[in-house]
Every structure is written in C-alpha cells, then in structure tokens.
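Before we start, here is the structure in question, set down as structure tokens.
In order of appearance the chains are A, B, C and D, and numbering begins at 1 in each one.
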Amino acid sequence: MSLLEVVGVSKQFPGVRALDDVSFTLNAGEVHALVGENGAGKSTLIKVLTGVYRPDGGEVRYQGEAVSFNGPLDAQAAGISTIYQEVNLVPLMSVARNLFLGREPRNAIGLVDVARMNREATDVLSGYGITSDVRRPLGLMPLGAQQMVALARAVMVDAKVVVMDEPTSSLEPREVETLFGVIHRLHERGVGIIYVSHRLDELYRICDRVTILRDGKLVHAGKLEGLQRVELVSHMLGRPVDAGRSFTSFAGEHEAAAAAPVLKATDLSSRHRLNGVSFEVRPGEVVGLGGLLGAGRSETIKAVAGALPLDSGAVEVDGRPLRRPSPVSALRAGIAVQPEDRKAEGIALGLSVRENIALAILPRLATAGVVSERKIDEIVDTFMQRLRIKASSPHQRVGDLSGGNQQKVLLARLLATGPKVLLLDEPTRGIDVGAKAEVQALIDELASEGLGVVLVSSDAEELIEGSDRVVVLRDGAVVGMLRGEEVTTEQLMNVIAVAAS
Amino acid sequence: EDDNTNSTSSANASAAAQATKSADAAGATCTLQQFGGTKIDLKTAVVGFSQSEKEANPFRIAETQSIKDEAKKLGIPEANLKTTNADSKFDKQITDVSTLIDQGVQLLIIAPLNSDGWDSVFAKASAKKIPIITIDRKINAKSCTNYLTFIGSDFAEQGKRAADKMAKALNNTGTVSILLGAPGNNVTTLRTSGFKDELAKVAPNIKIVFEQTGNFSREEGQKTAEQLLQANPNVNGIYAENDEMALGAVTALKGASKKAGDVKIVTIDGTKGAVQGIVDGWIYSVIESNPRFGPLSFSTAEKFFNGEAIPENIIISDREYDSTNAASDLGLSY
Amino acid sequence: MTSATAVTTLGKARWRQLLPVYGVYVALLVLVLFNVVYTDNFLEWSNLRIQLVQVTPVVIVALGMALVIGTEGIDLSVGSVMALGAAIIPLYLGYGPAAAIVLALVGGLVIGFVNGGLVAFVGLQPIVATLAMLVAGRGIALVLSSGRYRDIRNADFIEIGTGQFLGVPYTVWIAAVLAGAVGFLVRRTVFGRRLLAIGDNRPAAVLAGVPVRRVLITVYIISAVLASIAGVIQVARIGSADASRIGLLIELSAITAVVVGGTPLTGGKVRVLGTVAGALLMQLLTATMIANNLRDSTAQMVQAAIILVAVYAARERRTR
Amino acid sequence: MTDTVVTPPAKVARAEAAAARTEKLVERFQRQGALAVLALVIIVGAITWDSFRTYDNIGTVLISTAPPALIALGMTFVIISGGIDLSVGSLYVLGGVLAAWASQYGTWAAFALPLAVCGVFGLVQGSIIAYARLAPFIVTLAGLLGARGLMLALSDEGADTYLVKTDSFKHFGTGALGGIGYPVYVVVLLFAAGMLLLYRTRFGQSVYAIGGNVDAARLMGVKIRSTQIRVYVLSGVLAGLAGAINAARLGSGVTVLGTGMELDAIAAVVIGGTLLTGGAGTLGGTIAGVLLLQVIQNLINQSGRITSAWQTVISGAFIALVVVVQTYLARLRRVSSG
C-alpha cells in the first residue's frame, strides 16, 4: 500500500494554474524525486501535501485514508516532516531553541529545561558536522549551517514521511555527503522521502523513483533507473535535447589575458571577516571565488559592492578608485551585484517584475525625476525576452513567481544597469536545469562581450567549468590561486587542504 | 500685529485679585489645634504647589503666576517654593504630590486635576500633618482631616449665572446649544447641571437642542460649533463652558457669515480675549472664574497657622462681564 | 470543474481583489447615503464645505504619513510638528505672513531632518525616533511660545484660513494640490519608486544602489513639512496659535486615514486617493455623530467598530 | 604552481582572543544597557539631591512605577510577538472604574471584574488580529477608542466617579510592608512569573518565534493564532490589573487617567532593549526602562523649578538619547560577533 498519495489535485493562484490534476504516489522506504522546471509546481504540490495550501480539487490520502491537514502542525503530528525550499527558521532565536521549537525538553514542573536542550542540541548537531555554540542566534550562522539545522529538526521526530524541497541548494559537497548519510539512514528505517532538486547527479545517486511535473501537469512518473538523463531533461523541458552535452553550459576559456584589469580589489579588510583580500578581474574574464562554507566569499563580494564597511582596502574599476565605497557609488562605477540571499537582499517581493527590473536604473529612465513609462517598458520587454522570464505580465508580483524566475528578474536588473563588472553570488542556486543552462550561457556571453565577472558557487563543478581563474579563500584571506590548467576540482581541494594544515 | 493676550498689568493687580464671597458661617471650620499641626512661619516654610495642567492657557498661567508672585511678595525664598506640573496626567499629579511630601514641604497648595482619587496622598500628608489647600477645584474628602480648605469658585453657581444671562439675552424663548468641556471633568459636570437646572427654572421656553464636547479647546470648540451651525442653522444662543470654546465659536459664526450679536454667546472664565469679544459685540456675557489664587491661599494659610478658624469652603466672588462693563473692566480680565 | 463554477470562483476572486482597492470608497458612499437620508441640511454646500475645511489638516498630515508608511515607517511626531509650526507663526508674523510661513516650514524641515537622520543614519526604529520627537517637539513648541498661546490679528494671514477661490476655501485648494502632488510623486517619479522599493525590501534596495538614506530623510522631511503646512493652516483658520493643543492626537487620525484608505502598514505600497478618502470617511463619521447629537461614549465605540470594518474590507487577501 | 598566501597563525589567534573578550563585554553591556543608564542616572541624582536618596522617595518612585510596570510587562510580550497594543491606556482606566464599582461586592470582585472584562477585550482584539489578520496597530487603536467609550458609558460620560467601598481593597493599595507598598510586591512577583513564562515555557518560545519570523514559525508548527490571542489577553488582563491596583491606591475609579499611557509603555519597553520589530527582548530590560522613565520624572521634580515646557523637552530628548545609546551598543554587538 502506498504511504502517501495525491489524486487529481488542482491548485489555482490568481493568474496561474500551479497544479492541474496532478497525481503522485509515495511508497514507504523509497526516495522519490520530484522534478520539473522552475514554476512547474513542485513546491506548491508539497505545500498542498502538508496542509499549507488547500487544494481546489482532488484528494490527499495518507496511509490509505483521505486526509485534509489543517496546516504544517497537523501534518507533522501525523508524521510528515518537511524542510521547505527557503530556509524557514527564526534567525533571532538561538540554534538550540530553533532546533527544539515546539518540542522543548521539559522538567518535572513543565518548564523548559534549557541546559538539557542545549546539551542535546550540541549532540545532535555535531552529528551533522556543526560545532558552533548552540546558544548563539541562528541568524549568525552561514546559510548552509542553517540548512543543516532545518534538516536535523525535520529528521529528529519519528517521521514516516520526510519532504525535502531543494535541501542541497546551499550546501557544500561535504555537507551534501552528510545529508545523503542521513537520507540513507532514513531509507533503511522505511521512511518515505520526497526529494526535490535541480541537481541531476544527486537524483541519480539517491532516488528510486521520479515524478516529473511541467507547467503544473504530471508528465511522467516511474522508476528512475533506466531513465536516461536526456529523457529526464526533455520531459522537464517539454522538448528534445541533444545528448552528449557537458554538465554545464560554459563554453570555456575567454581571451582576456592582455587587457588592463577592469576590477582591482586591494587589501580588503574588515574586522573578523576579511583579512587583506586582493584580486583582479580583467575584461572578459570570469574569476571564481573558491573556498569552503564561511570562507568569506560572500563577504568579499559585498565588500567590493560597497555593502560591507571596510577597515582598509581599495576597489578600483577601470583604473579609477572608488571613493567612499557604498552600493550607490559602486553601481555608478559599473559594479552590479547579485546577492546570495535572493529573498532577503535581492528582490522586492511585493513589487512587480517591471518595477524590480527598473529599480537600479531609474534615474536613467527619467527626466527631471519623472520616470518615463515608455522607456521602462522598452527595457523590461528587452530583458524579459532575453532572459525568458516566465510571468503572466510585467505587472505580476515577483513574490508570486517561481524561484528560478525570481532569480532571472534579479539578473535582469543587474544587466539593465549596463555594468562593467558583475558580482554573482550563487547565481544558479535553486534554478532548474534549463534555466541554469541559460544563466550559465548568459554569464559566458556577458564575459565574451567584455564584462568582468566574479563568480561564487558552492557547486564546485560550476565554479571550475565557469571560471577562467579561481581565487581560493579561507577564513577571510586569499590562500591561493588557480589559473589555466590548474583550474580543476582536485587542485581546488588541494589548495584548501594545504591551507588548512 | 499680533498681540500678547496675557500680561497682567500690575496697575490692576489689586483690583483683579480674588475677593471672598462667603465665609460660610454655618459650615464647618478648622483650627490648627483641631487639625493637629504645628505652627510654622510661612516666610521660612517650604511650600509645595502642584499644578494640574501645562501653563499654556490664560487660566493656568495666571494661577501659577499668582502663587509665585505672592510667595515672592511674602519673602519666601525661591528654593522653598517647590512647584510641579502634572501635564494633565492624574497619575503624575499623585506622584508629584507624594514627591513634594517626601521633599519635606510644610504646606501644600494643590490645583487638582480631578476631585476624587486622593486617598493615598491624604494618607501620606496626614501622617506628617501637612495642611492641604486645594484651589479652583474641590476635592471630595473630609475637611480638617484630609485637607484644610477649598478656595475657589462655585462651578454650579457659574453655570446658574450663565443660565440667567442666557435667559435674559434670549428673552426667555429660543434654542440654545451647549459646548461642553472635557468629558469626565467635574467642572464640566457642574457647569452643565447648574446651567440646565437654572434654565429649566427661569426660562422653560428655551430649548437645548445640541450639546457636544469641545474639550475646553478653541480648535475643537470651533469645529463643534461649525458642525452645530450646520445641524441647527437658526440656533439663538450658545453656552460655552469656557472662553476658549466661545472664541472658537465666534470664528465659526464668522465663517458661517453670521453677524455680531446674531447668536448670543454666554461663556465662563473671563480671559482678555473673551471680554474683548463682548466689546466687539460677538459675545453677550462672560461669567468670571478668577484664577488669581495666590494672595488668598497664603493669607488663609497665615491665618491658619496663627490659630484662626478656617472655613471648610472659601468661595470667591466671581465678577461678570457684559456690554455695560466690558470696556471699562477689560483690565481686570486675565 | 464545470465552467459555471469556474466563472463564479473567478468572479469571487475578482471581487476579492477589488474590494481592498475600492472598499473605502464603498464605505464612504454608504455613509454619504445615510446622511442624505437621516441628517438635515447634509447636502447643503455650506455643510459640505465645512466638512472639507475641517478635514484638510488631517488630509495634509495623512499624505505625508502615507509616504512614511510606504517606507515601512511611521511618523508619530506630526502633531508636535504642527504645534511647532503654530508656535513659530506669531513670532515672525511681524516680518509679514510670507516670512512667518517660510520659517514655520523650515521648523518642520529641521524636525523632519532629525527624524530622518535618526531613522536612516542612527538606525532607530521609526516609531521610537518619532515618539521621542512627539514628546520633545511639543516641548520645543511650548518653549518657543513661552508656554502661552497667541491671538493672530494679521488679516492677510487669517485670509489664508478663511478666504476662498471659486467658492472653495483656499485651504481645501491647498490640500487638493498637495494630494495631487503627492500622488504624482508616488506614481511618476524616481523618488516614488525608490520609496516603495525601500518599503518592500530595504536590504535589496541598498544593494540595488538606491540611495536609501537620502530617500528616507527626504520622506521624513516631506512628512514634517506637510505637517507644518497643516499647522499653519490650522492657525490661520482658528486665529490663534496654541502650541499645547494644536495637532494633539492627529497622528492617530492620520494613521487611521492611511490604513483605512488601503495602504498597508507593512510598506511597499501607497494609496494616495485612498488616503484622502479614508480621511473623509473618518471626518464624515464624526460629523454624522455630532449632527445626530450622539453621546461621546457611543460615538467612540461606533468609531472603533467602523474603523475595524473599513480596515477589514481593505485588507489584502492572500490565498491559502 | 599555486601561489599560497598564509596569514601568520599566532597573530590571528591573539586577535581572535581579544575580539572574543570585547565581544563578551559589549554583549553584557548591551543586554543591560538600560540598567547601566539607570544606575548612572540614580548615582547622579543621589549626589545632586539629598531628598532623592531618602527612603520615602524611593518608596514613592517604586509605588508609582507599579501600574506602568504591569502595563509594560504585557506590552513586552506583545512587542516580542511582533505586535503592538495601543489599547492598554484605555483598559487601564476602564479597569480602575470597574474595580471601584465592583469593590462594593468585596475585594475579590474588585479584582475579578476588571481582569475579566479587560481580558475579554484582549481576547477580542487578539482574535481579530489572529483570524482577520488585521494590523495590530489599527485593531488596538480601535480598541483604544472602544474601551474608552465603554468607560465613558459606564460612568455617565465620565461624570460619575465610583468610590472604593471595601477597606481591605483600599488597604491593598495604600498599605505597605517595610515601607514598600503592597503593589510593588505584586509587580515583583508577576515579573518573576513573566520571566518564567517567557523564557522557560513553550508559550514563551512561541512568542519569540512568531515575532522573529512568523512564516517560519507557521511552517515549524507553532500555533500562531493561539499564541497571538494569548499575548493580547495577557496584555489586557495586566492593564486591567494595573487599573484595579491604581483604583485601590487612589480610592476611586478616576476617569481622567491613562491618555498617552500606551506610548509611555512602548517607550519603556523599547528603552529596555526590546526590538519593536519583534523576536527579541527581555523583561529585565523592561523593568529598567519603566524605572528609568519614573526616575527622570522624579529628578525633574527634585529640581522643582523646571517649567512644564522644558520638562517635556527633557523627557523627549532623554528617550531619544537612551534609544540611540541602546541602538549603538546593539550595533557594536552585531559587528563584533557577526
């Protein structure tokens, strides 16, 4: 008998049919991949399963009986544990309190036993490779570590079903291994797992069966074994793709060696975070920033973009130093930055696609402070087409778009500024294979047009394939550089390891 | 062009001072012995004065100033007169007075924000045998036990006199609107009941068609009057429970293209602006509520410490202004 | 699903989307109809005129408030800024009305600058920064006016508050022009778009190169200057400057007008026309209760109920 | 090959140790920032005015702190949960009027009635906020009007003042133990209970969670609605209790109280270091904040000659000053540990 089953579920949002008569079955003890393009309806399906959304039609059956969960708490009580797509924890509360929220250990008179809670939290988390102080606010931990806390939280209860919506999008290879270890243990315990990811390698490593959605409709369900990668991708995209392509869409090296650097960062230092980071980017060059989680890559990006107060250091664009670094002056000098956390720092979710794209270049689209709607329309149309942004109209609220399309809107805003340097922090996080390829191709294209690109990616393969040079960071300092032939995963790991010893 | 309404010209100071109306022979009296206090010399005594509202309207300005001036006149050192201001917060006034007691004052003059709610203060003051003189508003408590005496106007009487004036102004027929003071304030309550009772008695043919609060403020008085003129365009008289609201009503009448005298306004307080209003013909009559409590308060205290019997209520006689005396007595207004 | 039910769900969804936008206008209409039937002389021009005149200060203050709320802020100091404007007028009226008015607006500008500075540079939460200014601002106004009110006798100045053009009082014209200007600012200018972006997601706006601090300071300055304009108008209308009374509790009326008008307190959206309608609604409500001689206790409770109903109708619906 | 830059490890270690030390210090100072300012103000006051450091005066400060402290206690819960409660001033007056009226039926009635009615008010407000998802600011603003209207209706537009009839109830308000009024002990007890509730129960954890990130809290299975409702009930009950205690102390149900009380409470809570955006805050800070505001008033009275206009300027400037200091310290903390 199937553990969890969805029969003919539909869900309508204003302007979009997110799910259209979708059926899905999860058996006990299987790892079930749920895949599809951005906006295919994966997260919506999960939210319907766990009672966050109420379906317009159809039925959810759990252990053979029709159920209608009244919210995540209900689902959790019934044994369905979920890690949602965006990290959903409370940043101001301590790590331990987050881990135990709602099921804190209590003493004889019913008060929360804080000492025991902290102790147990330390124990549990060390199993996931997290050794930091569990009494500190969660928000101070790197995103990856937060993701591990969410994972630990979901798995701590005796769940029969564990749902993971893109759990690896902010994890390092090492942490991904930890996660897989956990999944393996759950698998052996007979827990049913729903696994959403855009990383195909992962799917093939751990999943038994797959369900593919496209535009809210079920297009394929079955065993993963025997399903060719190309087939899988063509199902997702709804069109045939050529086999034999490489893993990423990067074309390879760019010709940039001779030119003068377009970006020059010298001795960037900020107490406790950065320690004299220097590097250069030439026009047409993609420079990767490598390193483990917490190495200070995001900080470096922010420092260059003027968003991190510096104790010392200088940033030059095209040989001209940035006086009084701030996001405004950086933008004016031609630096465009795509932050790591899209939802918190990237886009304005309540505003429309149009307003988001035009935000950074408003003065250019205005005369005497009055904006020209026509100019905005032109720019927006151009970029919506060029990046193939899927939205019901330019006036749609960005918050209602799928993750990938949100990312594209963000990229559109950067490109609209006509930058000389692009700083991309995890540009392909959470976006589907199709979109990922598009973004990667776009980065390539932009570089060959003469832009300087700085790329941060926790996907080592993407970093290696995409970058012409890799600057390796550790503890906020540059510990090495890979160039030309050296740009390989092995060398990268090697440098990190040498620096660590 | 603009002028400063409030400069108590010293020439008129003595004429403007309060006069006792009734020493109420029948009522209870209080002596130092009965009270159980000790004799002190006012000149070296520490005196506490607790004001209820910000000194921002003529009444409060004149009241505080009068206390300060009189203390100076008596030669009380500046450091010995402790003043507090409750900023219209009753809780704060209670705390203020407690603090004054803690600071060792030997005489308390209080302009209370409210008539009830003084139990904790009484407990504290009577333990130290500090006599309390309440001015302008009475406190509901036992005189000679809880407090010494009340000096002030009779608010119901003011309302009554206003009603008499109104009856005269309208020849006992017509419609009247009331601009009420702040709700929950016993000044409002008494000025309203005094007015209504008397009007029913002397001029049963005058109908009260409208009563809404203007919160004792000119701005709100004007707003309410504007509204009332829309609902009752032919109203004959307006009774404003203080001068500020009356002046607001005057502006409202001007805005509604009425002419001076079309609507008879009777008001209470006696500020310069209102008395000037009589001179200009907009206001029919002003019943005074005299705020110059300094001289009477200190002389009462002096008598008390000298062993004389002090009556429970010292009601002051309030002037009234109308077209016969407004121009000549303008200097007596505050 | 049959097509018939699909149509009704769609119709319902559409209604649900429209209600927040037009809810306040519907409420306003209902109230007007009620008055037409039950209140004497309601449709007289003189009555409508009074309502408009009385609502102007709240409208003007609420316009600024709407902008501040659009940035996910709040400005509690507006009443005190009005008082400050009122306190400054009589001090400089000797140099003529123009000079006095300019200085009153400069006073507002300074307070707005301090508010904005505390919010944008020091990083105080708007409600706290402006709460401090709510207390201190009125104190400054009282100190400036030596704690006493002044009667204003300057005829030119009084004319602003009492005169009219085409049968409509100057003050109403001023409010209308300001509403138009703020509407234009929000809809059509770079400043307006930036303001909304800041309200929606401030960190994102920072990284997008929006001069966040400058915009925030400007917003608080606009709010304070609008408040001092309201203060000046109020002084001209009542013919006296009373720093202890003017603008008392107007911040609550203004916030109510903004929120009832459909602008969410969470920022990122500003409804200018809705704000004006919200202010009118609350004004008519008070007028209705006064005209029908309701007791204060009843009036307050009715007002509370109407606020809740209006805001409930205007709330944003999110699907579950 | 690869060029490798390595920072000297010893230097890093030393810098880190120093950083950790400052971090600890700053963190401690930040958490007790309001307390530090309070101590400073008290020391300055005690040196400047003899009459400030008398036993009587301390008693006066403490007893006058009691009602605002209770209101701020409830407000702290509300603000940490990400809300705000503007109705407390009105509920405070309403509570006092009800207590005075009910005192004719005995002391228990004098407490029970205001607590019940104000609790129901909180329940209604909380339910509207939780179920209709209206902004707390606007709901409780309506509550402010509604409660005041009800109070006026009960007291004939504020004209009737009910006198406290029961001596034992009155005694509760005016009596003292060791020179300290009974209400002060109640406040101390309730704050202790509040701390347990906030820091050591699941309810308290839920309060922090919904204030910190309501969406996450929902997905983590926190019962948002019941937590919100309970927080507003708590705030209402405490405001009613404050009103009752005050009625006992004043001996009557005074109707002219409470305007601006909500803003004072918010100011006290924020001065105490609680974030108005929710999710963080302490009750210790709130106590310090309430005391700070009272002590400032007391000092102004000690000086005895500051005009009412200047008093207002000073109070406002002081709030701004403390909050700026507070914010600055918080930023130091973030920088040093972020």
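Please note the rule applied: a residue touches a chain if its C-beta (ideal position, glycine included) is under 8 Å from a C-beta of that chain, and two chains touch if they have at least 3 such contacts.
Note that the coordinates shown come from a computational prediction; the quantities given were computed from them, not determined experimentally.
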### Query
Which neighbours do subunit C and subunit D have in common?
A, B
### Message
For subunit B versus subunit D, what separation do you get between their C-alpha means, in angstrom?
### Response
36
### Query
Where the CA atoms of subunit A average out and where those of subunit B average out, how many Å apart are those spots?
72
### Query
Between subunit A and subunit D, what is the gap in Å from one C-alpha centre to the other?
41
### Summary
Per the C-alpha means, the centres of subunit A and subunit C lie apart by a whole-Å value of 42
### Task
Enumerate the residues of subunit B that touch no fewer than two other chains.
54-56, 183
### Query
Multi-chain contacts in subunit D: which residues touch at least two other chains?
152, 157, 275, 307-309, 311-312
### Task
Can you tell me which residues of subunit C touch two or more of the remaining chains?
142, 147, 296
### Message
Judged by the touch rule stated earlier, which pairs of chains are there in contact?
### Response
A-C, A-D, B-C, B-D, C-D
## Note on the structure
So, in the complex, the side of subunit C touching subunit B is made of residues 39-41, 44, 46-47, 50, 53-54, 90, 93-94, 142, 147-154, 162, 234, 237-240, 242-246, 287, 290-291, 293, 296
### Query
Which bits of subunit D are touching subunit C when the two form their complex?
128, 132-135, 137-139, 141-146, 148-153, 157, 263, 266-267, 270, 275-277, 307-317, 319-320, 323-324, 327-328, 331
### Query
Considering the complex alone, what residue numbers of subunit A touch subunit D?
52, 71-73, 76-77, 82, 84, 88-93, 97, 101-102, 104, 106, 110-112, 114, 136, 140, 153, 271-273, 275-276, 475, 477-482, 486, 491, 494-495, 498-499
### Complex contact set, residues of subunit B against subunit C
1-6, 54-58, 61, 183, 210-213, 217-219, 222-224, 226-231, 233, 247-248, 251, 254-256, 273
## Note on the structure
The answer for subunit C against subunit D in the complex is residues 76, 118, 122-125, 127-129, 131-140, 142-143, 146-147, 252, 255-256, 259, 264-266, 295-305, 307-308, 311-312, 315
